[in-house]
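Common to both upcoming complexes is subunit A, partnered first by subunit B, then by subunit C.
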Partner chain A sequence: MASHEEITASLLAFQEGYNKNERLKIMNRDWDRVVLVQANDIPSQHTLELRNGELSVREGAPPRADLTVIADSETLADLFYGDITPTEPYMNGTLKIIGSEDDIVRLDFISLMIWGE
Partner chain B sequence: MKRVVSVSLGSSRRDHRVEVELLGERFEISRRGTDGDFDRAIQLLKELDGKVDAIGLGGIDVYLYAGKTRYVVRDGKKLMDAVQKTPVVDGSGLKNTLERETVYYLREHTDLLPPGTRVLMVSAVDRFGMAEAFAELGCDLTFGDLIFAAGIPYPIRTVKELEELAARLLPEMSKLPFHMLYPTGKKQEAQDEEKVSKFGHYYREAQVIAGDYHLVRRYMPQLDGQTIITNTTTADDVAFLKEKGAGCLVTTTPEFQGRSFGTNVMEAVLVALLQKTWEQITPRDYLDLLRRLDFKPRMVYLR
Partner chain C sequence: MGLKRVLTLRTVVATSAGLTLASSSFVAAVQVAGFLAGDTAWLAILTGGLLCLGAASCFSELNSRLPSAAGIRLYFSRAFNDRLALTVSLLYMAVVMGVVGAESYVLASVLNSALPAVPPLIWIVAMFLVVTGMNIRGIKIAGTFQDLITYGLMGSLLVLAFIALGRVGFQLTAPLAPGGILTFINAVAVGVFLFVGFEWVTPLAEEVTHSRLVSRGMLLAVGLLSVVYALFTVAMTASTPREALVASPAPQMVFARTVLGSAGVFWMVVLSLAASITTFNAGLISVSRFIYASAREYVLPPVFSRLSMRFFTPWVAILTVFAAGVTISLVVLATHRYLVLVNLAAAMESVVYALAGLAVIRLRQKEPQAKCPYRVKGGVFIPALTSLVFAGLAVAVMFTDFYVSLYLLAGFAILWWYVHQVVPALKSKYQPRRPARRRRPVAEPADAGCEKT
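Up next, the complex of A and B:
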């Protein structure tokens, strides 16, 4: 089990990876979205916000989310650190993403652009 | 008589059956759509296994190529693995030969592809051979893979960048359910109006629009005489393209009784003629056979 602080640290690593990728920022400048990241085994909620291609992270839930990412704390930390890709946990149900199919594909795409080989 | 069947995840409304003679051999060629129902496709493949001469898989890719790397689409492979006895193909072998040749043919024999032609490929990872051929001939390319599959307004302009992005994205994305990446079943009969209005300008800026017909159709705005290079089209599709203002339709596969079949079907026909296993067949085998069959692109002027 990961702690809330570890999830925060993984999201900050994700944010750093994103912000270093200029091409990714260009690709996402039309995609303003609020993402709730929620652990299902510990009390932990974070907000990822994409606006004008920039990604920000803050602790706590947003008033309204376009996408909700739910998994156990360990999976979330592994995912945002890039130790695992989202596809397998998404396919086996460990990771749930609530939102439109287009948005889910795009979030998958962003994580692969940051961490994919 | 040899029997070749295409089992497709696409709409059953496009089903078709013809009898033709090729190199002195009679063929019954048919297509059976399963309306996006994956389980029904598996069941049908199992029923046909061992009873027909070759099977094509339609509405889905099994192998995607970028450069020398081959990516396996998980859902496509599941369908392929349902067939144990009969040779089964997805059309990727023919895409890499016939569709390259189509581009060279158009340059040599028509005025549709002069150097510098602005070409939009709605998706290029499923037609890498064609993408390379356009690039070789000095076309001004836009690959719409990210635009149309992921809604990302980022045109890929070179084969090198296409390969780089494919290497990063495809190993994982090919594991997703296929319907998340490609329109299957009923989705093939409707346009995605949001993307048509958001990304339609990529079509209008191009002189040639190439790629999988369902993708070409799904995002097509009103056109102004553009050439469409694709494969599977029915009489209704020709009427649709005419209504949209396309100038010319080029299909890479030949027409049988008013219908151009998918590359998977044609590849299955070639496999049945070659009587080799798919693993034994080389691109040279396909090219030699295509020359003997005298397959040429079909051109329909719509204006």
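Up next, the complex of A and C:
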């Protein structure tokens, strides 16, 4: 089980990887989304916000989310550190992503662009 | 903190019923009537609907246990094993592509019947190009529009049915004597096709205002569809010569022309277009995203996971479905054997529903302590009955149509081999092996795996 702080650190690593990728920022400049990242085994919620291609991370839940990512704390930390891809935990039910199919594909793509396969 | 729960029962019913209502449903409805004597199609359709209610309650329990968009892939994987789940999911997606092919053929026949100057081939290619273009650009059909289409469609079908029944003075020929039991079973089996896809609403489980709404919505959708289909089919067979309906790939046009002349034809063209666009779109979205996710998992070659850098849609997967859909439609256009696809879908759907019943029983045994907000009442009776009945219906369709059993068994055998031989090779070839990037200490599992000496 990962701690809330470890999830925060993984999200900051994700943000760092994202912000280094200028191409990704240009590609996402018209994709403004609020993503809730929620652990289901510990009390931990974070908000990822994409505005004009810039990604910000903050602790706590947003008033309204376009996408919700739910998993156990260990999976979330692994996912945002890029140790695992979202597909396998998504297919085996460990990871739940609530949102439109296109938004889910875009999130998968961002992770792929930051961490590779 | 609550999740974004905004969807109401109205939208759940519209989504469940909207995915099910298609132009090819009318072909299946006439086929159901063709099996039976007199105007007894309603009996088989209501029985099919009742059986689908059993399946819907099994899907509700599975979805409340495992609320995920991965659907049957996840349910069957947890209940049985991943290879069986993958084989069945791949086969199911292949059959959905077949349904899209049959749907395009039926819609092309509808449009060709209204505008005979344009050949069906042009309609088929044009329709596929429009829907494929929409999907590659990521254009959405708005939820409100979907609601309007579904409820408008159901309302229109009821109105047309009553107009037609009024024309024959509500006089039905032997409405209570379907003939032999075997023909009745076959009619029910094909009647299941009318409800194909009602369970695709399960991924909405965590976006509804109340967790029970998905199960209620599915049950309501199946109930509403049963009534609409039953009335419409009886009206068709009561007002229009059965031979003309059975001989046509677009029986709803024959019916509309008989009842309301050219106004009926125009009305039915609009209805068929509305019914088909939601089915096309749902089929293309679900199959292409399944292909994309499978390729990301190295179940299919990685080329299928390519995304458009402009629209962020899986364009290779979408074009693959386009190519498969057009090919299937062309084969159907050349052979006119569209009924095989309808029967194939009915048989496959029966297999999936039978497995859903078994999955409920198995998961209750395997994970008795797991969280399960919705449980089918009455112990194992409904899941077991669902499983037995749908297994029987699948066998009935396969016995009735030799090609269905041939295609289904061949498809299952090829995919079983693919999952056992090709998938491990793909995973071994493409799955990356890299050191973890994890920058934190790995948590030691408490006592797990420790031997005490």
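One rule holds in what follows: the second predicted complex is superposed on the first by the 116 of 117 C-alpha atoms of A that agree within 3 Å, B and C clash if a C-alpha of one lies under 4 Å from a C-alpha of the other, contacts with A are read in each partner's own complex, and residues count from 1 in each chain.
Here, a contact is a pair of C-beta atoms (placed from the backbone, for glycine too) under 8 Å apart; a residue touches a chain by one contact, two chains touch by 3 or more.
Note that the structure is predicted; figures quoted are calculated from it, not measured.
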item: Subunit C versus subunit B on the shared subunit A, clash or fit after superposition; value: clash
item: Partner chain(s) touched by A:A61 [first = subunit B, second = subunit C, both, neither]; value: second
item: Partner chain in contact with A:G82 - subunit B first, subunit C second, else both or neither; value: second
item: Subunit B versus subunit C, judged by how many residues of subunit A each one touches; value: C
item: Touched partner set for A:I42, first subunit B, second subunit C, both or neither; value: neither
item: Touching partner for A:K96 - first (subunit B), second (subunit C), both, neither; value: second
item: First, second, both or neither for A:I26, with subunit B first and subunit C second; value: first
item: Residues on subunit A lying within both footprints (that of subunit B and that of subunit C); value: 27, 31, 85, 87-88, 90-91, 101-102, 104-106, 108-109, 116-117
item: Contact set on subunit C toward subunit A in their complex; value: 1, 3-4, 66-70, 73-74, 77-78, 82, 138, 140, 206-207, 285, 289, 292-293, 296-297, 307, 309, 312-314, 432, 436-440, 443
item: Of subunit A, residues touching subunit B in the complex; value: 23, 26-28, 30-31, 85-88, 90-91, 101-102, 104-106, 108-109, 112-113, 116-117
item: List of subunit A residues in touch with subunit C within their complex; value: 1-2, 6, 9, 13, 27, 31, 36, 38, 45, 61, 64-66, 68, 74, 77-78, 81-83, 85, 87-88, 90-93, 96-98, 100-102, 104-106, 108-109, 115-117
item: Interface residues, subunit B side, partner subunit A - complex; value: 146, 149-154, 167-169, 171-173, 175-177, 180-181
